[in-house]
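Next up is a structure, given as structure tokens.
As written, the chain order gives the labels A, B and C, with residue 1 at the start of each chain.
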Amino acid sequence: MHLDHAHHGPAAVSADAARPDGTRRALRIGLGGPVGSGKTATVAALCRALRDRLSIAVVTNDIYTREDAAFLLRNAVLPPERIRAVETGACPHTAIRDDISANLEAVEDLEEAVGALDLILVESGGDNLTATFSKGLVDAQVFVIDVAGGDDIPRKGGPGVTTADLLVINKTDLAPYVGSDLGRMARDAAEQRGELPVVFTSLTSAEGVGPVADWVRAQLAAWAA
Amino acid sequence: MTTRAALLVLADGRFPAGGHAHSGGAEPAVKAGRIRNAQDLADFCLGRLHTTGLTSAALAAAAAHGLDPLALDQAADVRTPSPALRAVGRKLGRQLMRAARSTWPSPELAALAAARPRGAHQPVVLGLTARAAGLEPEDAAHCVAYEAVSGPATAVVRLLSLDPFEATAVLARLAPALDRVAEEAAAAARDGIDALPAASAPLLDITAEAHAAWPVRLFAS
Amino acid sequence: MSVKATARITAVPDGRGATALPVLESEGPLALRRTRSPEPGYARVTVVGAMSAPLGGDRLAIEARAEDGALLAVDSAAATVALPGAGPDAGRASYALRLGAGEGAELRWLPEQLISACGSALDQTTRVELATTARLVLREEQILGRHGEDTGSLTTRLTVHRAGRPLLDQQLAYGPGAPGGWDGAAVLGGNRAVGQLLLVDPVLETASLVSRVLGPTAVLTPLAGPGVLVTALAADARLLRCLLDEVLEELLHGLRAARGA
């Protein structure tokens, strides 16, 4: 047993790429964004798009426990043993950034319970524009906003919009109804984010999540390399 | 070597060991209407401090003193009739263990982590952490006693939108009682494992089980 | 004038399928009577004399042991009322229960309530030593004050060891002189009747037990060992007993079924 050895000193840090038994752990991707922007719908669509090829699990961080997890369970996007809900004590951004211990425990429990996983999606509770994931918890993060929340959100910036590895602008199908200017959102986002990618999605059809799924596959390829 | 600053790091509410998601029984007490204001919170905290607070503080002091952590882990089980609270104790112990080993790596912490991979009881881990940080048993007891009241106070600020100044004043007024409990816990720890207190709180045990089954809740316990 | 008294009970199998009582010693206010057992095989002892004891300063003890294979049931004829002693210097009273059960033995300890009268001061300790295959049914009820009066000062400690290892340790403290907060939302929440019902049985080692909420102030919890504990609070003694009686009957029925299976 080199389990104890692997846990010594700096190896205990959370972003360690190996599990205690020496195998490579799953890639962890965080999904954050304001309330109602479609985080849970994006997670559900990603699971449906990727589950045939990849072994996936999900950790949800609800404001009230289990609501998002219950949605995923009801819609049967994954078997129940692959979905964990973390309680956040009314502070979802604390659980994904300042004190990530409950989330780290949840991802470890999933890998122990389900076996080898390729991908763990960590969904944040709906929060404000400043909520970002700790690098100790996730390897890459997606920030989901939507056109109905106002086309000035990309211009306002904030850590989520500015620094997320992928910015998803969701619900493009609603743009004509809410008077949002997609071109303006794209230009503002590019200004805030420089080279970092931005995709537009509409989840009304099964293929809608395609651009996000493609980005996740690219991250996985880089992780496995 | 004792360093007072290390105690501040360990006792800081921002120490990343998972405590922020736990109300220490305050969430069910608020729901049941037993905590409605700062006075109720003060009574709740005083009761918790003198029961599970004292018991946990003594376990932590004993671990910091160098008593066998596995025997202390069993002593914690024996003093925790509620399975929900035993699970919470081990969950928080596991989360603290992660933070502790990143902050103050020690062979004793590593050995306990290997012996209890699903988590040892939090006060036992905290006692060993204090030891690794060069702190005294009474420091460990102080830290646990303070957590026993600061967790519920923070939770009630969120649950009742209680004025945070009032909640902090409640904690400040508890300071002399906290000092006495820490002293008593450390004294008991010096007398060995059989002398450790087992003070318990019936309502905390009862409501913890119901709370663990709530489908919708803000706090993990 | 304070009293120091110890009553002793030892139960052994009589070799004919029943239980004999080679030791049955009363002392002072603690009078023991062998009474008729409703269940075959059990020896039943009723404590008849403890009604107005212990007074302040008294030191009372009962030692009861079911030796290997013996079936012993102990109850009492009336509630035990802790009363103030004579004069201000009487000091605290103590009531020590030292209980034991050997291999294959069963001890049922089902006394009436302990009532902490206003002005009294009592420390009760219950220490139980069980062999690996011993069975225990134990009920303790603390009533804080007689009808309409304030409570006295009461501490209790219940310590159970099984096969030499600790199984349960619980300390309670109420009333004047108790650490603050005992009546608050974490401990009693204003209730005046507190009860514990403990069952230990080797069949519980393999049973997959889950805790059960029995009401807003009562819960059944499996211990970290082959035992279950019911913790209950109620406004008064009668409500508490109703609750404990119901769950006791159900648990005994379940255990008989488990042993029969």
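Here is the rule we go by: contacts are C-beta pairs under 8 Å (C-beta built on N, C-alpha and C of every residue); 3 or more make two chains touch, one makes a residue touch a chain.
Not measured: the values here are computed from a predicted model.
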Exercise for review: Please name the chain that ends up farthest from chain A once chain centres are defined by their CA atoms averaged.
Suggested key: C
Study note, to complete from the structure: Averaging each chain's Cα atoms, the one nearest the global Cα mean turns out to be B
Exercise for review: Take the average of all CA coordinates in chain B, do the same for chain C, and state the distance between these two points in whole angstrom.
Suggested key: 30
Exercise for review: Express in whole angstrom the distance between the two chain centres, defined as the mean CA positions of chain A and chain B.
Suggested key: 32
Study note, to complete from the structure: For the pair chain A and chain C, the C-alpha centroid-to-centroid distance in angstrom is 55
Exercise for review: Find every residue in chain B that makes contact with two or more other chains and list them.
Suggested key: none
Study note, to complete from the structure: In the complex, the residues of chain C that touch chain B are 157, 159, 165-173, 179-189, 194, 210-213, 216-219, 221-224, 229, 231-233
Exercise for review: In the complex, go through chain B and note every residue touching chain C.
Suggested key: 25, 29, 32, 34-35, 40, 43-51, 54, 74-75, 77-84, 86, 177, 197-206, 209-210, 213
Review point. Which residues, counting only chain B, touch chain A once they are in their complex?
Key: 14, 16-23, 91, 94-96, 98-99, 101-102, 105, 110-111, 113-114, 155, 158-159, 214-220
Exercise for review: Would you mind writing out the residues of chain A in touch with chain B in their complex?
Suggested key: 3-4, 7-10, 12-14, 63-67, 86-91, 94-95, 98-102, 104-105
